[in-house]
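Look at the two complexes coming up: chain A is in both, with chain B in one and chain C in the other.
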Partner chain A sequence: MGMRKVAVVGAGMTKFVRRAQETPKELSWEAAHMALDSCEMTMDDIEAVCLGTAPDAFDGIHLNGEYLSDGAGAWRKPYMRSYVGGGTGVFVPIQGWYHIASGLFDVVMVVAEEKMSSFYPHAQAAFLTIFDHITERPLKPNLLWIFALEMNRYMTTYGISKADIAQVAVQHKRNAADHPCSLLGDADITVDDILNSEVLAWPVQRLDVSPVSDGAVAVILAAEHIAKRITDKPVWIEGVGWHLDTSYWTNRDLAYPRYVEYAARMAYDMAGIKEPRKEIHIAEPYDPFDYKALHHLEGLQLAERGKAPELYSDGTASRTGNMPICPSGGLLGVGNPIAAAGLMKIAELFWQLRGEAGLRQVPGQPRRGLAQAWGDLMQVGTVVIMGR
Partner chain B sequence: MTAKIKEFPGTSLNEQDFSDGKILYNFDKLNGAFSWDTGIGIGAYLASLKNGVILGSHCKTCRKIVVPPRIFCEWCFRPMDEFIPLQDTGIVNTYSLCYVTWDVQRIKDPEIPAVINIDGASPLHGIMHMLGEIDPQEVKIGMRVQAVWKPAHERQGSITDILYFKPAKEN
Partner chain C sequence: MHERVAIVGVGCTGFRSASPEQSYKEMVYEAAVRAYNDAGVDPRSDIESFVTVAEDFHEGTSIFDEYTPDQIGGALKPVHTITGDGIHGIATAYMLIRTGQFDIVAVEGHSKASNIKTLPSITAYAQDPVLNRPLSLNSHFIAGLEMNRFLHVSGTLHEHCAAVVTKNRFNALSNPLAPYGADLSIEDVLSGPIFSWPLGKREIADHSDGAIVMVLASQEIANSLTDKPIWILGVGWNNDSPSLENRDWSRAIYAEAAARMAYRQAGINNPLEAIDIAEVDDTYAYKELQALEALGFCREGEAGNLTIEGFTSPDSRLPVNVSGGSLGMGNLLEANGLARTYEIILQLRGEAGAQQVEDTNIGLAQSWRGVPTNSGAVLILAN
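Moving on, here comes the complex of A and B:
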């Protein structure tokens, strides 16, 4: 298609914490600065900047992209902020990718930041406006409803139990215990802990949910000729895909995320992947709730419909399994600063595929990984496939 | 990289830091007031609710009857062919027992939000509403329900003109 090859050559991230002392700008700068250091580049090498951050309502700052621009290193550069809800963290590297694949730029910095703690008293309320303002908000919904309703439909359609789903939270939180930036890593957590946690909106319980967090992540993307000069171990972006379903969410099959399937098929096509279950060595599906990881694995064609829990119960999904899932610890374990959480998955693949993931390293020299995020009103899917 | 880095940036705060007065912050309240026009599709929906009818719209090209009604079809991007009155009964597509209110207050008796597939609309086409007059433990996906309306003189042309859906007798 005449597109240039693009590699990830550097990455940086802050700790994910419940409330950070640093401002959003300061967090952005910390992550961006670390990403530059990691590949021994300076801002002089960066030709353009892509920023991802969630709704302005979190920060209470209008035009948050402009507010964050100096922290993201955008000053005196072509700069663009993208936003597709929770899908942003995996969409913003796609945006960086087409900046370079198109031939327009050679080196682009991608920054994703979220500070959810400023919203008072709880960021949950910032999400209320995602419901339709005329036909839904008069019913006084809260954000949990949408997940509880989808989770119940998913469980009932396929006969999946709460305990099946709790395995996901357990494994991700255990994985996160090895992540130096994690907020909720816990090496000793059990399925009973999840099942005995407070019921918020049945079937959703407290430990089924990822935590509100503050944090930032940045990666550096480069065209092939630059990437090979910078590092012996570039990690290529082999495929990207994104897709949107109808925003009338009650007019849609809630048990299966078709938009994720279409996004994944676009990315598999580009990467030349015919049998994803054999060719994807690490999967980082989006896991703001434990059932969502399963839901997304099915949409990604990495499991049959209704069968994703088997990946966890038979060990396939564990860090030493045949297809490790969220070896980072995911949103459930590392934390969920919305846009930053998605880009954290890209950074994780970068480290994993280079063999630099430390205690979290997946054995067997994995060659290819997939990261996915999801958002808007439950209807956008974003997918990136990376390989070495 | 994470293998090589000893210390990651980011400073975590806790309640103690605030009570000790170590952290300065600026508190402010943003105030926004809006008046949203309901438009043609949703306007017809609300006017119809006032008359005790749930309205859908029909796309002949896609052979779909959707609810709430709109004036254009998002699938074929053509105008919808007509508004169609639907039944005020349906099937519970999914539900939740919610012990937390919209402003995160804990409650003992759960609210029961549900997606209800409306009779007369295409399969899996429904609306979000509440269930009532039922023991929360008795709710089942697939059960038949029926709208409970406000008295006609109290209806305002709002989704809340339906108070909730209650179990309907099986035919």
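Moving on, here comes the complex of A and C:
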């Protein structure tokens, strides 16, 4: 017997903002409600719910998945929360996929929520608790300097300049100016703005980094026979992949994300993709930092190692280019409520492939897109390939 | 798509009230090696995906899934974490295999409760931060409220709950894995200190440390790996209201719904007829009685009398918690459901030693996520 086909049939998202007035439950419910409305469904149609949210420390609630359950629409339904750190946003639709592909369910709602502003004064402090309590935590590491190490390694290995990398931030933030939910869209930003922004931990500067944000996204997944009844334009999940590398991130060569490569190969195999650079029409790589988008494009086999900046300088990555990258505006532009940001990429592909992305619409009726997220200790890659 | 899925290997380490000489990674490694030897598989070459269950605040680490791959042999493989009970983890592995994408998947859960200095404060941090946390409610206090309501509505007596304690802790005496075996009378249980009326200290499972790993496989692979595959007939899970203000305090509706889902998959209409042995949540003694009613083994208000009459003792019609349950083996946090499942697997394989029950073919394991949740899972297994 072949694999059951699973489609995305609806999507909704809240605005991404720095400090939401809503509680985490309310954010979840707003996104869920919009996703249901988008495909004219109600909670009665939903058989199970999958939730993604990053560390419990942000909401400051133990068993946070349980707390969020009714907000996410899971009251008296089968409900589970999955978890791969920052990769969660693109993992949670994979969780929804296996719920349906297993044959146990036909319609599943996938919700991703993050409210980072509850962590006062700044969510960065929550990240102190992600490090090994014996070998690393005593050094009081900050995520920014961990990223600085990786960015430096990437730049040094391939001879990439700060200006090469700043193009990414410029393009994503400009793209985000067309996204109604974005936090940092800016149509006029330039490379100089990025290079002149405050240095946080060399070579990371303020505008190289995505903003701390609050927000939620939800999508509805359905089995083939249901999807075709609900919509003329189902967007199929053609391939999924995820890989988690060792916790000992200090033993890895940070220049290349092998875990992303493995996750991508798993997804390409499932989707029957042999030549990703020709067969992927839109890419939404994970871009919490501008260099990460480049790093991930290489891991995804969409660029040669050290050559990803060329996609930006030769126009390939622009919204009208041959392979638009982050037409949504990405995390750098739309915002980075961690798990919700990953699922935003899935929602973006859904809208783009249906031709419903408004001002952000990529021309030429794209047929296939890829979304990817990354997380943990430079450690996990999650990949979803969607197609019409 | 793979229709049928079996558990082909199990391994554990523990269970004890403290384990100062071993880290959680070392405990998990030990359990994993045992499970992989039991299944005859190599984690690096044979196991295609791994599922772990954990909660950040129990581990004292944010994004705890970071620390799961190495000790289970999962580095650079498809690994993910479910913030649920071990039976949620088994359900996840079951779904992964059924998609047809994977043939062999491992599940891991553990407890290092002895590492948590302020466990009551941590569990209380699961309450609604706006509505409940300002009241400083201890988790046992909430359980006491629920127990009181359950006794009141179902007509169950406190003695009935005490009978659960005497049975389970006595059963634990013949379980070499159980640290809390004891020969207590109902009077001994009732004469203990009261934590939150009517809930007494001796009706609460103490915590223990331990780790459990299981290996699941598709039908074809399972049959090639072992002569004793334990088949998953059904699995269900459900969340009732997480809010204290609008839930049914007397019934375990999450368990009723999870059981319905599992029974439907297994084609079971009369659970008492179909099921030979059960391991259910007894992190508080009254929860076992509430669960037996929710699972449809008897009508509301009957579980207590049945327990006192010995209906759920090891040599009776429906042996329940022959392992000693959580009262006997300890509360293992996210690994509770795996501990319940572990016993069912040993029983169905005929490897339960002194606790072995004769003629067991179908078994049920059930779990609850603890105060203040209203969520749990049910697993039905057959040999």
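In the analysis below, the second predicted complex is superposed on the first by the 387 of 388 C-alpha atoms of A that agree within 3 Å, B and C clash if a C-alpha of one lies under 4 Å from a C-alpha of the other, contacts with A are read in each partner's own complex, and residues count from 1 in each chain.
What we mean here is this: a residue touches a chain if its C-beta (ideal position, glycine included) is under 8 Å from a C-beta of that chain, and two chains touch if they have at least 3 such contacts.
Given the structure is predicted, the values throughout are model-derived calculations rather than measurements.
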item	value
Which of chain B and chain C A:367 touches, first, second, both or neither	neither
Contacts of A:215 with chain B and chain C, given as first, second, both or neither	first
Which superposed partner A:67 touches (first chain B, second chain C, both, neither)	second
Chain B versus chain C as contact partner of A:351, first or second or both or neither	first
First (chain B), second (chain C), both or neither touched by A:84	second
Touching partner for A:18 - first (chain B), second (chain C), both, neither	first
First, second, both or neither for A:206, with chain B first and chain C second	neither
First (chain B), second (chain C), both or neither touched by A:243	second
Touching partner for A:307 - first (chain B), second (chain C), both, neither	neither
Common ground on chain A, meaning residues reached by chain C in one complex and by chain B in the other	60, 133, 246, 248
Contact footprint of chain A on chain B as seen in their complex	1-5, 8-14, 17, 23, 27-28, 30, 34, 36, 38, 42, 45-46, 66-68, 74-75, 93-104, 110, 113-115, 122, 124-130, 141, 158-160
List of chain A residues in touch with chain C within their complex	1-4, 23, 54-57, 59-67, 69-70, 74-86, 91, 95, 97-99, 101-104, 126-127, 129-130, 132-133, 241-248, 258-259, 262-263, 266, 270, 375-377, 379-380
Partner chain B, residues of chain A touching it in the complex	11-22, 27, 30-31, 34, 38, 60, 120-122, 124-125, 128, 133-136, 138-142, 144-145, 148-150, 152-153, 156, 179-181, 199-204, 214-215, 246, 248, 250-254, 350-351, 354, 356-358, 360-361
Touching residues on chain C, where the partner in the complex is chain A	1, 3, 55-57, 60-63, 65-70, 74-84, 88, 91-92, 94-96, 98-101, 122-123, 125-126, 128-130, 236-243, 253-254, 257-258, 261, 265, 369-370, 372-373, 375
